[in-house]
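Next up: some structures, all given as structure tokens.
Same chain, two partners: chain A is paired with chain B first, then with chain C.
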Partner chain A sequence: MKAWLAILAAVVLLPVFVRHAIATEIWIFAIFGLGLNLLMGYTGLLSFGQATFFGSAAYVAGYLLKYYGINLFLALGIGVLVGAVSAAVVGYLCVQRSGLYFIMLTFALNQMFFFTAYQWTTVTGGEDGMPGIPRPTVLGLDIHGPLAYYATVAGLFLVSLWVMKRIVESPLGKILQAIRENEPRAEALGYDVSRMKLVAFVVGGAFSGLAGVLYAMLFGIVPLEAIGFVFSGNVVFATLIGGSGSLYGPVIGSFVFIWLSESVSAMWARWPLLLGVAFVIVVLFFRGGVVEAWARFWAWRAARRAPAGARVDAPR
Partner chain B sequence: MKASLLVSQVLNGLATGMLYALMGIGLSIITGVLNIPNFAHGALFALGAYSLYTVIQLVGNFWLALALAPLGVGLLGVLIEYGGIRPLYKAGHDYQLLLTFGLSLIVTEGIIIVWSPVGMSQLPPPVLRGGVDLGITFYPKYRLFVMVAAGLLVLGAWLFLEKTRYGAIMRAGIEDKEMVSLLGIDIHRLFTAAFALGCAMAGIAGALTAPIRGLNPWMGVDMLGIAFVVVALAGLGNLLGSIVAGLLVGVAQSLVALFWPEASVAVIFAVMAAILLVRPQGLFGIR
Partner chain C sequence: MPLVRTERLTKAFGALTAVNEVTLEIEEGSLHAVIGPNGAGKTTFFNLLTGQHAPTSGRIIFDGRDIAGTPPHRIAHLGIARSFQRTSIFPVLSILDNVWLAAFARQESWRGLAWRRADRYPELTRRALDVLGEVGLGEKAGLPAREISHGEQRQLELAIALAAAPRLLLLDEPAAGLSPDETQRMVTLVRRLKGRYTVVLIEHKIDVVMSMSDRISVMHFGSLIAEGTPDEIRRNAEVRRAYLGGIAAP
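Then we have the complex of A and B:
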């Protein structure tokens, strides 16, 4: 409950303090991160190809918005569908292998989609991206304005977060966590592990797809980077900064990541260098992410305040 | 279609295929021994090419450059393993992987800062310029050289892994790390050596590629994907498999380039997907 109040407060206050476009991007990236975290945090599958679903959905829905003027609900629905279907195709190949092979396959197939988008210039615009994507009117409401669009995205984020909470607390979510903890045991209990992994993949893909469409409508363009592997790496990183162990980790992570990268990218054209350095520092020193650093801080304070002999050990 | 064109495309495919095999074997050693899919492998490939370029600029000797480039990249590999991966032994492979991803960003951006974001070209050494008449077609000397050189390097890697004591330790490390360390072998030194060796192989593959494709900071990106494809098809530590997979991918790519050039990169991944659909364990994979 406390977490929800904090998130509601953040949703309301964010556009007061940061530019609307950045505030909107934060919630879009959070939806993207929620999808990845179902795989990474809950199922223990590190997917390095989430941009495949994000980008595919952005291109397909963007194309239909641009040339056929479809309405918002259809665009969102198509985004979710494209995300889920592309994830089903990629996932079918990837879940057959485990561990390192799984990671390499998600990456390699991401590259396949990237090079397809790169070369199919008549549709995707190749390196120039696919510009001119409109924001359609919804039920007579105009979501052209930055604040109106922000409200739309923030609303969809809250719905996504609620849906993801229901998923991870459902029996399916528990099975996925069982797979993460001990795969042979989950299999021995009678669960079809590869099918469950595929389900997680498809659900994660649907979230990525939703984020992809919202991204395309936010900037009015689908840049080639949206389907590139650096984008896949970024969402893994954002989830990691937040802490992949909890439902809210990717939300915090996307806030930190977008805010950081928007500020440094304005300062220096070579900002991916700083991003790389940040990757290395976080991985070497802050592995549990913000959520764990926060918990450690409070445990440390509690330990300092507690009388001697009643000391609580900090987690880990 | 003219037969000569077909033959020269197949030869092109074999030359690039050998380079793919070299990349794949290097990655396979790292991934097999340390359990990390090295995401910096592509960036180190690019660094090898740029090192070759710079040494040639400074000294003017191609052969010296060809020897120094992989040495430099290998030394960087030692540093990366020692300073970055070693502290993460206990943290789990996901974090080691993210570390290599961060490093790939750093190396790529470093290349842009030190050299330039604009692509450059590198001529082969004078001896290897021009072509040879093969009877059916004229073929550039340098590409033949690459085919032979990469082939010899792969052979060297095979001899090292199969016939030397250290190679046997490395293969044992791929199979069962715990057992190796129980036998009294310093497993950490093995990790450093394997990582450095894999990096050096990426470096020399990059150096050999520079006179064919030229240099740009992102030249490693598609190479990384291809190296993953080779490993996924061949299985970890499988040298013969890596060669077959590398050549298969290289030839498929250059043949598709004849009639549908736009699809020539995507086809690599399509070939992989098709093979994995039929044989999920890869061409020779057991695991």
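Then we have the complex of A and C:
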């Protein structure tokens, strides 16, 4: 409950303090991160190819928005569908392997999608990207204005977060964690591990697809980078910094990542250095990211405040 | 009719024949022990029954159908559950969730799989808590599984197998690594299962199986060298030579 209040407050206050485009991008990236987190944090599958689903959805929905003027709901629906279907195809191939081979497969397939987009210039615009993507009117409401679009995205983010919360608290969420913890045991209990992993892929892909369409409409263009491996890496980075395996981790991670990259980069061109430092700190000291650092801080405070006799050690 | 029958069941890993033409029948409702020295092929035999390994040759007839080579998750749905010799649990999940997952897997339908909150399955939660109570972990249901002692993890291992409400329960050295006290507690637990489940028990501690088993099969270098009641096994000369070595002789 407290977490939801904090997030609602952030949704309301963010556009007051940061540019609308950045505020919007934060929630889009958070949706993207939610999808990855189901795979990486809950199922223990490090997918290094999430941009495949993000970019494919952005291109397909963007194309239809641009040339066929489809409405917003259709665009979002198609984005989710393309994300899910592309993830089903990629996931089907990837779950056949595990560990390093799994990671390399997600990466290699991402590269295949990237070069397809790069070469298929008549549709995707290749290196120049696919410009001219409109934001359609929805139910008579104009979402062209930055604030109106922000509100749309923020609303969709809240819905996405709620849906993801339901999923991770459902039996499926527990099964995926069981697979992460002990795959042979999960199999012995009667869970078809490959199929469950594929389900995680498809759900994660659907979230990525939604984020992809929103991204295309935010900037009015699908840049080639949207399907590139750097983008895949960024969402992994952001999720790890925020805290993978906890529901709110990717949301915090997205905030830190986008805010750093958009605000600090204006002042200092070497901003990725900061990101690198943050990443090293997380990996060395806070494997659970900001979420874990936060929990440990409070445990430490509580321990300090406790009377000396009853003092308990802060968790390691 | 036996619940399980293996026919000339064989598993070879390259030149090593871990299980060699084992033909065995397990009667429904019995407690059947499989004993033998280290490396006799007992655990491999279990892995064949539960689908972890596909047999090189031979058949496994469970309840009238051949299940040899069926993948583990399907076999679990037929009602064969196992515990592992090396504790195999979900360390980060709560003890309750460890057991709950076993109960959920055996549901006829997985309604609400991705949507209903996992704590809104009252009948499953109750069953999981019942099983935890039975093995003596009821008080600790909320703790993460990694935070309990080795002995308690062995009890959890048994609870996970029981929660699946199995028709055939395979216990792979449930007392492995336990202190004498803990072993005694585990023996009591397993003894209480007798008659309620069809149990196949792999055990190293010979005195444990002698006192509680209905039948005992002895494996040696992958082959079955003897089978019979505890008394017959005690008297069997070949068994004494191969395995007992006088240690457990009365």
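One rule holds in what follows: the second predicted complex is superposed on the first by the 295 of 316 C-alpha atoms of A that agree within 3 Å, B and C clash if a C-alpha of one lies under 4 Å from a C-alpha of the other, contacts with A are read in each partner's own complex, and residues count from 1 in each chain.
Just so we're on the same page, a residue touches a chain if its C-beta (ideal position, glycine included) is under 8 Å from a C-beta of that chain, and two chains touch if they have at least 3 such contacts.
Quantities reported herein were computed from a predicted structural model and do not represent experimental measurements.
In the superposition on chain A, A:Leu46 makes contact with chain B only, while chain C stays out of contact range. In the superposed model, A:Leu284 lies in contact with chain B only, and not with chain C. When the two structures are aligned on the shared chain, A:Arg97 is found in touch with chain B, with no touch to chain C. Between chain B and chain C, B touches the greater number of residues of chain A. Of the two partner chains placed around the shared chain by superposition, chain B is the only one that A:Pro272 touches, whereas chain C remains out of contact.
Touch criterion met: A:Glu187 reaches chain C, while chain B stays clear of it. Contacts of A:Asp142 after superposition: neither chain B nor chain C is touched. Contacts of chain A with chain B, set against its contacts with chain C after fitting on chain A, share not one residue. Residue ranges on chain A touching chain C, taken from their complex, read 166-167, 169-175, 177-178, 181-182, 184-193, 199, 203. Chain B contributes residues 31, 35-37, 39, 84, 87-88, 91, 93-95, 97-99, 101-106, 108-110, 112-113, 221-222, 224-225, 228-229, 231-232, 236, 262-263, 265-266, 268-270, 272-273, 276-277, 280-281 to its touches with chain A in the complex. Taken in their complex, chain C has these residues touching chain A: 50, 52, 71-74, 76-77, 81-82, 84, 88-93, 97, 100-102, 104-106, 110, 112-119, 121, 160, 164. Chain A makes touch with chain B in their complex at residues 40, 46, 48, 93, 96-97, 99-101, 103-105, 107-109, 111-112, 115-116, 119-120, 229-230, 233, 236-237, 240, 270, 272-273, 275-280, 283-284, 287.
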